Structure formats: C-alpha cells, structure tokens
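Shared between the two complexes below is subunit A, which pairs with subunit B and subunit C, respectively.
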Partner chain A sequence: METRARVINTVHVVDLQGRLDAHQGKQVDQKLAEVMHSTNQTVVNMSKVHFIDSTGLSVLVKGVKHHREKNGDLVLCELQQPVRIIFELTRLERVFQIYATENEAVQAFQ
Partner chain B sequence: MQNRKLRVGVVTTYPPGRGSLNEYAFHFVRALAKKQEVAEVILFVDELPAGEQYQANPVDVQPVDIKLDGLANANGTAHTSAPLHFIPCWQFNSGLNSWRILRGAQQSKPDVVIFNIQFASFGDRKIPAALGLMAPALLRLCGVPTVALLHNIMETVDLKSAGFAKSALLERLIRLIGWVITNILLRANLVAVTIPKYVEILEARYGAQNVLLAPHGSFASETLPPSFDLPQGPLQIMTFGKFGTYKRVETLVEAFHMLQMKHSTALELVIAGTNSPNAPSYLENVAKQYADVPNVRYTGYVSEEDVPTIFNEAAAVVFPYSSTTGSSGVLHQAGEYGKAVVLPQIGDLAELISEEGYTGEFFNPSDPQSLADAIDRIIDHPERRIEMGRQNYLAAHGLPLAEVVDWYLLHIESIVKN
Partner chain C sequence: MLETIVDTHSAILNDLAIAWIDSGAQAVSITDSQGCIIAQWPLLTLAGCSDLCAPIQLHGHSIGALHIWGKFELPVAMRLSADAQFLSSIVALESELAEMTTDVIDQQDQLMALHQLAQTTRVDNDIRQNLTNLARITAHLLKTETAFMVLQADGQAPLPVVYPTEDWPSAMWQALIQELEHRSNKNQWLLHENDALLHKLTIPVRNLLVKKIAVRPGISLILGAANKMAGDFYAPDLKLFSTIAEPAGANLENAILQQEILNQTRIQTEMELAKQVQMRLLPQHTPELPELELAAQSLPAFDVGGDYYDFILGQGNLLTFTLSDVSGKGMPAALLMTMLRTVLRGKAKEMTVAAPEELLGVTNESLYDDFSEVDMFATVFIGQYNYDQHILYYANDGHAPVIYRPAAGPAVLLPADAPPLGVLPISLAERQMIAFQPGDLLVVTSDGFSEAERCDAEMFGYDRLLQLIDQLVALPAEAMMKSMFSAIQNFSGEHPQSDDQTVLILRRRD
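Showing the complex of A and B:
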C-alpha cells in the first residue's frame, strides 16, 4: 500500500492507495501515528483504496479514537463503492464523518 | 467520550460460571476493562452454585500502558484497568431473568448494557429462554441503552440437533416464536453479529436497520508465534467444547478407533470440556458406550489457566459438529495456538472460515471413515500440520479482541451521545 501525507490549510491529508488489509494495516497505522504528532485534524483520502478488511477498518478506528481523544477528528473522503459497503455493513459509516470529496472533508475542519 | 468515562454493563455468563460464551465474556470483559474510556464494568451474571463466587478483579490490576504504535493516550499517562463489579441476578431456566436484570440495571445505573448472548443463553426450556431474550428490549424501553452481541441467529440454528425441536411441527412453532423473539431482540439500540450472512438475514427478513457486523476478535494477547512443536508422548487429537447437542463425539471416537488400528504411532483422543446444559450425562454415556476404545481421555471442565496446555499439546483440533452457525470461538482459539483443524462439511462453513483466513481439513459429519481420513492427512504430514497451524495463527491474530472492543466503544459513544 502506498501512503502519502500532505497539508492543506493546517489539515493533514493522508492519501492511501491499494488494499487496506492485515498485511498493509501496520504501515497505515504508522503513517497515522506520524501525522498525529503534528495534528489532530486528519483527512484520509480513500479514493484509491479498492479493498478493506477488518484489520484495515481497525486501523482507522484506532486513528479516529486517538484523534478524538485529542479533541480532533479523523475524517474520510471519496470512498469507493466496495469499501463503502464494508463501512455500511459494520455501521462504521455512522461513527466516521465521511465526505464525498476531499475539498468538503478539508472544509469541514475550517 | 474522553470527557466522561463510561460505566458499562455486560449481561453474560462468566467464569467460574460454566454457561456458554463464558470464555468469550472473560476475554471481552478483560479487554473492555483496560480501555481508558471505561470507568467501571458491571457484570450482570448468572448465579453460581453454592460455594462458588466470582473474582472481583481477575483482570490485570497493574497499570496498563496503552501506547499503540507510538501514540500515547489522551493525558499521556498509563491507565489502570477499570474495576469489575458482579451482580449475580439471573438463573439458567428462570422465567424472571429479564425482570431481575432490569432491576439490577436500574439499581446500578450503567450508561449502556451489552448483552453477550445466543439463543439458549437464558435456558434450554423454551419459555425461560424466550423470556430472557426480551431483556435488551425491556431495558431499552426503560431508558437503558442496550447493545446485543448475538452469537447466533434462529435462522441458522439446527433446532433438532440443538435439542430444541423433536418434530417438524414443533420446529415450525419454535421458528415462529423465534421470529417473534428476534423481532423483540432487534428492539435493542444495536445488534452486533459476527458473520456477514447474519446481517443480510436480519436486514432482509426483519427489515432491521440497527444490525452491524463486528469481528469476533482473537483472545490471545501474546504476539510471538507458537513453536508448532509437540510434546513427547502420544500424538493428541483434541476436541473442545460443551457436548451433547450439535457437538457430539461418537463419530470422533469411532474415527479415532480406526486411526489406532492403522497407526503404529501412539495416539490419544482428548475430549476437553463438559456436557452441554441441554444434554446432562451425555459424555458419561459416551464413555460407557465406548469403554472398549483405549487412550480416550475425558478432561471434564477446563479452567482458564489449563486452556493453553490443552491446545498447545494437541496435534489437531477436531470440530465434531452436526450443525454449525458459522464462526466458532473454538476455531479462533485453535488459531491462536497455531493448530491444524478438522472441520465438518456443513453448509457454507468452508467458505465462511476461508473468508476469515482460516484453513482446515474437512470431513463428512456422519462418516467416521471420512473423519479418520481427514485427521490422517494432518498427523501423517507434519509439514501440512505446521503450514495449516501457521495460516490459522495468522488468521486468529488478525484482529485482537482489544481492538474489536474499540469498535463497540465507538458505537456506544454514538448511542450515548444521542
């Protein structure tokens, strides 16, 4: 999985690409931990994530939990349909703030 | 959630209570109590026989460093496990369980109550079993938010094998009652199930909008892989559970007898566990029936501290089930100890376990020869045994129960906020 972090107006955006699963989860976990050292406002852009399993979801759950503990939030944007279905099945779409576009997600923090 | 710590109630069986799901409850509660957002865990448990009592704090009471991959908790300090408070307030097969659980909840005032249940949690008699399952709805009706973690659903239970229905007419009647009870259960704020198919069934047949999929989670806390070495002495073939309803060992004992006739290697069959509450004296009768088959060991109840030895010493773990509702707690345990498993060819079990990353040898549940052959493929091929054990270990360690508990807490946060 490829991960990349950038900053838009104080909001950190983490781009993920590929499968977010048991094999790649650790890498994403580390990236989110890195980002959290400098922000409590993170957008995870999922537009290039085509698969997610329970371990991948758990990485995001851990991320959102830690952000909220620091009075911030981790929000998601641009979920592909197969990934969105998994969020609906687990009802985590009610737990995360999910936006259709990255712009909307970044704006939500402004 | 970080501003106010939660007092979480859990309706469950719990060790040393021996009701089904006690093992899952032990690990779930231990993980829950370690979460920094939890102030207290109130356990609404079944009453124990005279002379036995619950341990007020069986979980680690040492400060727990919850740092995860470099992230400290909110205030950067270590967190001590929340205390456990036991309220024994229900009895297997009592018709008053819902009422007594409600009273317990009203007196202790938890922020939310999680039900760790399956369809026969409150009784093997139909009326008490049904009345007990009304508790989540009753509590919610009285203002206590509830989450029901439902380990099976009526649609996937083989009622005859489970000892509930002795005729087709009775089975239809029970299905109808089950439909009503499921509808009542769905009155909980949230209903969590561990199999995707259950979500589909509950949404399609009941129009449920409050059902979610939550992983079963693994019990183990250690991360070092097992050695896959076996102890000196006979190769142990082990089965673990509560036997007599849909978990029956006759076919296994017969298969084991065939294996002993064939192999020069010393073998031992370990039947670990007790009778199902629905089948008193079952194992005693099996022991009498097969008294002529040597090297069969009946362990009786396996206490929590003996579970690692039982699993570590086994060359293969067998699931002699005549029906199954899918993912099994014992399968997760076998995976945690890196064990090869032998499973029945029932429904879509192979597909279900494969989705979870497990692998196993399969057998026809009514055919001892088929079971003997499946076990043979493991004990005759140590490299295959180790390969399966490694894959199952990886599957079981995919998501620790401690992380699954985080999912529940996030959902609970949403419920409590609303």
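Showing the complex of A and C:
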C-alpha cells in the first residue's frame, strides 16, 4: 500500500492507495502513528482505496481513538462506493466524520 | 634486550669474565647503548674509562659494549672483538627466538579466537549478537582499533555493527562497497588514507581492509577492519581476514535460518493454540426446542480469524443466541473472544426478560478497555427469542449479514444500527423486534461467508446469499446449512478460504 502525507496549514493529509487489509494494515498503522507525532488533526484521503476489511477498519478505528484522546480528530474523505458500503454496514459511519471532498475535510478543522 | 641476556646468560658471562681476569685483565664490564654499566667483574667501583672495548651489535646497530681494564697487546684486542661478536650473535639468536615465540603465541591466540568464533555462532544467539562477536574477534585478531560488520538484506534496512561502538553510518560503508565494486571484480580491498575514494566519502581512517561476502541470495555481509594499531596490513593479515570471512558467511546463514525456523514454529504453535481455544468456545451441540429448528456451524480458516457463535438457554422462555466476529486474527482474537463469551453468557443466563441492547451495553462497557488496548473490535449480533410469544428481539453492533426471510419470502438484509463493540465507550445499539410467524427464518453468517472469493477475485456477496437462501428455503435447517457451505465451496473453487465461515439458522417450526 502506498502512503503519502502532506500538510495543509496545521492539518496533515494522508493519502492511501490500494487495499487496506491485513497485509497492508501495518504500514498504514505506522504511518498514522508517525503523523500523530506532529499533529492531532488528520485527514485520511481514501479516494484511491478500493478495498477494506476488518483489519483495515481496526487500523482506522485505532487512529481515530488516539486522535480523540489528544483532543483532535481523524476524519475520512472521498470514500469509494464499495468502501462506503462497508462503513455503512458496520455502522462505522456513525463513528467517523466522513466528507465528500478533501477540501471540506480540511476546512472542517479550521 | 642486552640486559635481559646478561641476566639469562649470567653463568657463561661469569666464566668469560673470570677467564679474562685470569689472563691479566684488572676488570671486565658490559655496558648498554648509553654507556651505562649492566654488569661488571669484579664488583668494585671501576676507575674511569676502560682501556679496551668492543661493540656488541644487533642488526648492524650498536646496543652496548664489552670493556676490559688493564695493559694489553694487540692480539688481545682481537680476542675481545671476537668475544663481543660472539655475544652479538647470542643477542641476535635470542632476538629471533623471542620473535618466533611471539608469533607462536599470536597464532595460538588466533586459533583460540577462531575457535571461539565458531562456537559462539553455533549457540542460539541472535543475529546482532553474532555480528558483534564477529566484529570483536576480527578487531582482536587483526589488531585493529575498529572492526565493523554490515548485514545487507534485500528490501530491508541494513544491520550495521561496529566494534567498539561508534557512530559510523552504515550508508557510508554501503556507498564504499558500491564504488569499489565499480572499480574491480574483486571482493576484498585494502585502502589507505591517501586513497581518493576515502576522501570522497569522508571516511576517516588510516588504513582499511574491507570485504563483501554472499551469505545467501539477497543477503550479503560487509566485513571491515580499520586502523591497524602497529603499522599496516601485510600479507598474513589479508590471509587471516579471509580465514575469518569464509566461515562467517556460512555461520551467519545458519543463524538466520535458525531464527526463521524458530519464528515459523512460534507462529504455527500460536495458530494451533488459537484454533484449539476457539474450538472449545463453540457450542458442542445446538439446543433442542420443540418450537424452533436450529442449526449452526463454523468452519475455521488456517489463519484462525475469531468467529464465535453461542446459544444460551436462560430463564423466562428465552433463547439467547449470538454470532460475533473479532477484527484480528490468531491468539489475540481468540483470547478476546473468550472474554466476550464469558461476559455474554454470564449476563444472558440471569436475564428473564429480553433486552439484547442491554446485553450489548454491558459487554461493551466491560470490554471496551481491553479491546482498545489491543486495537481490535468485534461485530456482535445478539438475538433473544421468546419461544412462548414467538418474538425475536435483537440488537446488532456492526454485524452483517443478518438475513430475515418471512415464510412467504423474500429474504432481506437486516442492517446493524450501531458500530462494532469496542469502538465507542458506549454502545449505541437499540432493541429491534420481529414477530415470528410459522416458517419465518433467520440466517446469520459471518463475513467470511459473504466475502468468500473465487479465483477471479469476485466475492460471493449479499445478492447471491439472499438468492441462495430463497432457493434453499424448503430444506430443514440442518440440510440448508450444509447446502450453504457447499454452495460457497463450489463458488470459491480452488481459491483458499481466507477467513472463518460461520452460519447460524433459526426457524419457527410450521
């Protein structure tokens, strides 16, 4: 899984690409942990993620919990349809703030 | 040197001196290169300078002299000179002997060190420890200030070890090797501080012996020794270096292999244990109730995934049943499942009135910290069927698929209304209810079922599942369940099962 991080003002944006599953989960977990050293405001851009399983979900859940413990938040944006469905089925869309576009997500922090 | 020889050969020198005195000399002495007296005969203070003396030499340099006092003729001078030369050759022989002895001790030392090296790499040390020993022994054997080892494996960060500890970046040595390999086909190089390459890479050493060996395809080892303590590296050093390097590769490969086998065994054992734990958690048989048909089964994958289902016959005409899926795999998932089961069963047995949302709430509260600690969650469906009133009460934390098929059809998905257990500190699940008519059917499966893949990466999916249930509806619960497993098996074909597959069926008898 490719991961990149960019910074917009005080907000870190992490781009993920590919499958967010048991194999790639560790990398993403590390990336989020890294990012958290410098911020508690993170946007995860999911536009290039086409698959997610429970391990992938647990990585994001871990991320959001840690961010909220530090009085920040981790939000998601640009979910692809199949991934969106998984979030709805598990009702995790009640846990995460999910935005249609990256802009909206970044704005929400400001 | 001369002093030592005078000591060790005092008897002979004594005889020599006495012979001189007997033949007329008043006194005899031996002095060192500064002119200080090392030995004299007789032992009285001697007056001034000697009358005759002859130099004692080693490798063409004067290291002292033989003196006599008295009046002598010319032949005496020749005799004195001959004695001095004799003494010189004794000194020369002793010097050679001393050198050879040092060499022998050195070699013994080296053999011990090599033996030690072979021994330590056989013991179950980790890779870093092996490399540290290797570096330490290399520095010791080659008599250098520093030795270093860098283990390079494709696709991994290099593992550098420097003895004694220093802050040399491994990237420096890798860059050096790359440049050297460009230069020539050799795999061993000797560099000195005026070498342009050392300047270019700012490597601050006086002299450097470096070598690269292949450990295994994709893994190589760079060995180096820097700053030889007395002088430079000569042929014997290069030979010794090769002697150290040759078995190092083989020993290292053994150590790496050992570690891999150990890891593999650990994983397999953990998997086995997790599987056993999981099997013990599942109900050994389904309850028999005149009002209901029940069937349930779980097919674990190799990578044990943490599916759990249960039936709890409590009080008040209540059958509590559950199907749950923990997000992780292996032992941690199995252990969390055990805890979940304990809390659920404990509470469910006490309940006299259906309140599945309460059951979820209590379980979430009890286990939230534990789930958070290991960064996992669990989807949990809880049904409480009152088999007197025939009402199904249920609550669902994030689980899918849950399928309800009224007797007249068609099968529909019942969505969850709250996120999985362990995600939020408070459960958001609400109680839902369905009045069950005769022939009404509930099928709950884990996502290993609906997400079963075949070789073209297509998943079974919810649509197929709904259709399948509609097709199999005429079968008794047990037969239906078996057919469902067959259908998934047929669909997946050669593609291996990657997640546990669990099915639970409940039907109100006609």
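Remarks
We take it that the second predicted complex is superposed on the first by the 110 of 110 C-alpha atoms of A that agree within 3 Å, B and C clash if a C-alpha of one lies under 4 Å from a C-alpha of the other, contacts with A are read in each partner's own complex, and residues count from 1 in each chain.
Here is the rule we go by: a residue touches a chain if its C-beta (ideal position, glycine included) is under 8 Å from a C-beta of that chain, and two chains touch if they have at least 3 such contacts.
Everything numeric here is computed off the predicted structure, so don't read it as measured data.
Taken together in the superposed arrangement on subunit A, subunit B and subunit C clash. Residue contacts after overlaying the shared chain place A:65 against subunit B and subunit C alike. When both complexes are overlaid on chain A, the residue A:100 reaches neither subunit B nor subunit C.
Of the two partner chains, neither subunit B nor subunit C is touched by A:7.
Of the two partners subunit B and subunit C, more residues of subunit A are touched by B. When both complexes are overlaid on chain A, the residue A:91 reaches subunit B and subunit C alike. Applying the stated touch rule to the two superposed structures, the overlap between the subunit B and subunit C interfaces on subunit A comprises residues 22, 53-55, 57-58, 61-62, 65, 89-92, 94-95. On the side of subunit A, the complex with subunit C involves touching residues 22, 53-55, 57-59, 61-62, 65, 88-92, 94-95. Partner subunit A is touched in their complex by these residues of subunit B: 1-2, 68-71, 73-74, 190, 196, 199, 211-215, 357, 394, 398-399, 403-404, 406-407, 409-411, 413-414.
By the touch criterion given at the top, residues 325, 327-329, 372, 375-377, 379, 397-400, 415-420, 423-424, 428, 447, 451 of subunit C touch subunit A in their complex. On subunit A, the positions that touch subunit B within their shared complex are 22, 29-30, 33-34, 36-37, 53-55, 57-58, 61-62, 64-66, 68-71, 89-92, 94-95.
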